[in-house]
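Given below, in the form of structure tokens, are the structures.
In what follows, chain A forms one complex with chain B and a second complex with chain C.
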Partner chain A sequence: MVATKKNTTKKTIAKSDALKALMGAALALPGISVAAEQGYRSEDIEIGVHHAEYTESGDRMTVKADQLSITGPIGQNFEGNFSATRDITSGASPVVNFLDGKGKPHQFLETGASIKDQRDIYEGTLTHYGDSSLSSIKLGTSEEDDYTSDYFSLSHRIDFNRKLSSLTFGYGHSDDDVWNSYNPSVLLEEPSIFKTRKKDEFNISFGQVINKNTTLQLALTYVDSSGFLSDPYKKTFVVDEAIFDFRKLNVDISGIFRFLVDSGVIRYLNNSGITKILNESPLISIPFLSENVLGVTKDDRPEKREQWISLLRLSHYFKSTNSALHTDYRYSDDSWGAYSHTLEFKWNIGLGLGWQISPGVRFYSQHSAFFYDTFFETIPDHGYVSSDYRLAGFGAFSKKLEISKEFGRDFTVYLHYEEYERKYDYEQGGQTNGDPLDDFEFTAFSVSFDVRF
Partner chain B sequence: MCASKTQHNPSHFDFKAMGSPCTITVYAYDALDAINVIQKATAEVHRLENKFSRYIKNNTLYHVNQAAKKGGYIDVDDEFISLLNYADTCYQQSNGLFDITAGALRHVWNFSQPSNSASNNLPTDTDINDALQRIGWQHVKIDNNRVHFLIPNMALDFGGIVKEYAADSAANICGSLGVQHGLINLGGDIKAIGPHPNDNPWQINIRDARNPGQHKGGIKLYNEGLATSGDYERFFQIDGQRYSHILSPKTGWPVKGLTSVTVKAPQCVIAGSACTIAMLMEHDGIDWLNGLGVECLWQD
Partner chain C sequence: MILPKQFTLIAIAFVVLACSGCSYQKVQAWERGNLANPVMLRDSNASQAILEQHTYSAKESTAGGYSTGAGGCGCN
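And now, the complex of A and B:
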């Protein structure tokens, strides 16, 4: 250092009262007080508020969901989370496929008595952060007016190999009660049933850091479901069960029902109470008549289902673009035959200043369940029938875009947009039972916020 | 996942905020972690800029200054109040020289003129006296989260506080995200998060005001703050007398005495206000700094 007469440096050590006063005022500043206490972000209480909506094409479902979640530290090594979710589903779901005069199936949506389901989910999770382990226990309950589910899950992760590798074991169990909220004012509804089902899920997962920029995850899940796995609201059309083969008589049942729906006759019958009077009359049973005259048969599925789901996930960070690409491939084997392939790409791009943008695409292809068809000529030898579109052979393609922006350190907003398109002929590897009548699309948009305190 | 070693080479991020070139330097676990940390730190700097800048319309400071203009009152958040309390401490410790209500003088002295032509645009005594009427921290009262302006046409200016506070806060965020070695530099307002990974301090060279391109000396930082007051490139030459662009709220005139003061203090915000107070104290500034008990480097 060059010192001249006009330039001097001075060093003093003792802290003056003035400095103490300034220090005191400075340490009261929120941006400074945090570090002064050596606080860490995980010590904050986080509150998340999420709202999502989606609407399917063609007069089908609309879902609105709201979630509130609170996460906070408990003691030194534990973290607790509680979330409450309410979703409301409204619209109409396909009930049965009727044949037209040419033998082609058509969907029957009983819109006159549209569905409005409210589901409330409460979940609590306790997580323990060990030096090289992470354990959690989750308890939850989900309630609808025709369904309750109580569930719990346990998971334990161990890090080893200088934390470059990890192994996770998980187990989950759920007990469900299923019934139909019998509404006698709805034309094709069955009288009340009350059934139970349970599900056990075992999971093992291995994670490996391959190098500074690449990680790999392999996971295998086994799911065992048993009990009443049918859908009490779904029906399937079996030609042999009908009193006549209406095709031979050139009678267009689907046309008749479509006319009854479109003209408001069914709505009138349901709303005026005529359906209710008929359903409650001891002399007439609409479900019995519809089964034995029209061939409208109850959805009936095996009482056991086993699924093996394997996942391969590769994540790579690209330094040049500040981005990370996640690639997932999932194969699900299914004792019902509805096995599926899922391929998903998600690209997280950090744009700086708290902005992140994540475009993604997902492709799904499913084989039809062995007891699925749009309609049946006769009940198969195994005795199971379902025309639930979720068990059909189909493919689905979705495009997603997620944008998030952090405002300061305590507030983050997420926008999520998805376009989903399901088509029966998107199925890969040979078309199985399915039909364009179950094709649909939806767009979903959701907004959520995370606030830290 | 938490690796035990930090990067060998630090990650740098240059950006512009608060009217200055800024740089964040961190030694993080890996590049992804560095990006995460830098994003959060820059977000904090921008948050404070958006909230307290005089140049942004409709921000918090704008609304407060609308109330100050009317001579009314306004409710503000805890952070705003704690900054006002800090400014109050500076006012008390400097015997009223450090006054965040002195902004009115900026409109009287035109700083956008080239340094040597200011003498052509000297404000009149009437202008200065008029501005001085609207200055005075004693005319501001704080009652819980409410700020009252007892006279109209006042204005608050957090110059000398907010950029420095932003450096401290950004450094804190890096520290809370696990960074142990790094440096925040917001246009010369500096806060070290911790020394280099080999425990060597950050060596900050101070420019020589009279010999551009040369250094006047250096200050070592481990986890302290550093700020400099007196901008060599911005000064007045009035009748051959060199004036700083720092204005005295007592006389309404630019201060004389020191060309620049660099102060090292536990927090950047303290360094910033201490060097500003020293400049305002003119020839008594260095004695005051010595009495304060901070390391400093000055040029007159």
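And now, the complex of A and C:
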């Protein structure tokens, strides 16, 4: 009796594994949570612990993130997932580019401990597993010192054609609040702002088993963002706005400001209340002085952005090496003109005894937004300006390696390492507005443990 | 809302593919063993996949296209 029960359990596990992998491979579609993407409801309770570290080159940002996740069956057809994540960011970020006497831009970074931010994220997902469908609803909230986001998403997947094909419909919405938190080391501290933004996202995805070794997925996504889409900390240097052309002085203004921050002058001005007194005066407020004396204006972007994203995923199994090559191509266009191409290859190799190794490469190329430049001679007719390095023209190349090991059926360890290199020269199809001064690299490392009961 | 030309072409390809789903080579249930191999699951670690996409979205202009429902952040 006991032996029979054990055999039945083994068969159930084998079937569950096979279906899980099949559904995950063939039908891992946008529009549903990644946990549910794995396709088949497990009867186990799974607890995952995740730790990640991210380090940028040149004394810029470091991020440490920790996550705890629990997934388990609810009733006959439901599955619940809850996760809590905390990431802590510290270090430096580019703020503005000043010109030297030769007209060459120099990046001014908020450095040292000037940026320190904690982000707490809580998410819950409820998934219903039907005979030929998968539906899920996700609720989430994210809170930082200067940003909050409340969001939800819905998705519904229909399997048809004897489960060789599927269609998924997804919708997501987020309501965000953004403001600038006080930091005594920040240059040109400005009066507080409090703004809102929201995002609506629609997608549809089609998955198809092509043959016994190949699957295909095609997804289309439309994103509509509106509200305050600017960055409250970033500035732009506009030559015509300054009362004096500082290029004539032939000095490195970013170096002077760096000295003022590092020597504690800025901290003294902010902490003593002098900055506050200035800001309470309409004529000599920091924004007024910044813009009219130094030519440093606020990052100012359109209050609406539409994005159209298409994704093609092809996965092919190679029996001779017990491996699968996953190829992704993503094309994105948007109303800001910042269109991009992303090409990624990931090669999952099964080594036996529960080991899997996955080398991968990713290439990304982006066209600059129509209102981006490293600096401006004058404010353009459309009135928008930004020197945020993320809106520049550039390319980026990543090398990745993942290693995982299953210990029995109850315990899995994952290691992930990535080197990312961003370069202005890497942009494909002709270089658009940008500059090598924004080039940087990062490395990311993470370790995860999954335990099943 | 004006759709970009490239997106329109891809949308047409999407419809053609979706409509022709039934005309693909029929893969019988007993022929799905390779598709069921764990290596065919692109991302076996969900947390890592989400973290990667979040990192890219904080450093690049394009975000999304892989899944819905992620919240915004004040990332620098």
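The rule is simple: the second predicted complex is superposed on the first by the 375 of 453 C-alpha atoms of A that agree within 3 Å, B and C clash if a C-alpha of one lies under 4 Å from a C-alpha of the other, contacts with A are read in each partner's own complex, and residues count from 1 in each chain.
By definition in this document, contacts are C-beta pairs under 8 Å (C-beta built on N, C-alpha and C of every residue); 3 or more make two chains touch, one makes a residue touch a chain.
This one's a predicted model, so the numbers in the text were calculated from it and none came from an experiment.
Enquirer: State whether A:S340 touches chain B only (first), chain C only (second), both chains, or neither.
Expert: It touches chain C, and chain B stays clear.
Enquirer: May I ask you to decide whether A:L99 touches chain B, chain C, both, or neither, giving the answer as first, second, both or neither?
Expert: It touches nothing on chain B or chain C.
Enquirer: Just to be sure I read the superposition right, which of the two partners does A:D150 touch: chain B = first, chain C = second, or both, or neither?
Expert: The answer is second: A:D150 touches chain C but not chain B.
Enquirer: Considering only touches as defined above, state whether A:L220 meets chain B (first), chain C (second), both or neither.
Expert: In the superposition, A:L220 touches chain C alone.
Enquirer: Can A:A324 be said to touch chain B (first), chain C (second), both, or neither?
Expert: It touches chain B and chain C both.
Enquirer: One more residue to check, A:I253. First (chain B), second (chain C), both or neither?
Expert: After superposition on chain A, A:I253 lies in contact with neither partner.
Enquirer: Who touches more of chain A, chain B or chain C?
Expert: Between chain B and chain C, C touches the greater number of residues in chain A.
Enquirer: Between chain B (first) and chain C (second), which, if any, makes contact with A:L353: first, second, both or neither?
Expert: First partner only, chain B.
Enquirer: First (chain B), second (chain C), both or neither: which does A:F407 touch?
Expert: Only chain B is touched by A:F407; chain C is not.
Enquirer: Would you sort A:L269 into first (chain B), second (chain C), both or neither based on which partner it touches?
Expert: Neither: A:L269 stays clear of chain B and chain C.
Enquirer: Would you tell me the residues on chain A in contact with chain B in one complex that are also in contact with chain C in the other?
Expert: Of chain A, residues 18-19, 21-22, 24-26, 28, 30-32, 34-35, 162, 209, 212-213, 317, 319, 322, 324, 350 contact chain B in one complex and chain C in the other.
Enquirer: Inside the complex, what are the residues of chain B that reach chain A?
Expert: Counting only chain B, the residues touching chain A are 1-4, 15, 30-32, 35-36, 38-40, 42-44, 46-48, 78-79, 82-83, 85-86, 88-90, 92-93, 165-166, 168-169, 171-173, 175-177, 216-218, 265-267, 269-270, 273-274, 286, 289-300.
Enquirer: For a test of understanding, state which residues of chain A touch chain B in their complex under the given definition.
Expert: 1-2, 6-16, 18-19, 21-32, 34-35, 39-41, 159, 162-163, 209, 212-213, 317, 319, 322, 324, 350, 352-354, 406-409
Enquirer: Can you name the residues of chain C that touch chain A in the complex?
Expert: 1, 3-4, 6-7, 10-11, 13-14, 17-18, 21-22, 24-27, 31-52, 55-56, 59-62, 64-76
Enquirer: Would you pull the chain A residues touching chain C in the complex into a rising list?
Expert: 17-22, 24-26, 28, 30-35, 37-38, 48, 50, 52, 54, 61, 65, 67, 69, 83, 89, 93, 115, 117, 119, 121, 138, 140-142, 144, 146-147, 149-153, 155, 160-162, 164-165, 167, 170-172, 174, 176, 178, 197, 199, 201, 203-204, 206, 208-213, 215-216, 218-221, 223, 231, 233, 306-311, 313, 315, 317, 319, 322-324, 326, 330-334, 336, 338-340, 342, 346, 348-350, 356, 364, 366, 369, 390-391, 396, 402, 404, 414, 416, 418, 420, 422, 442, 444, 446, 448, 450
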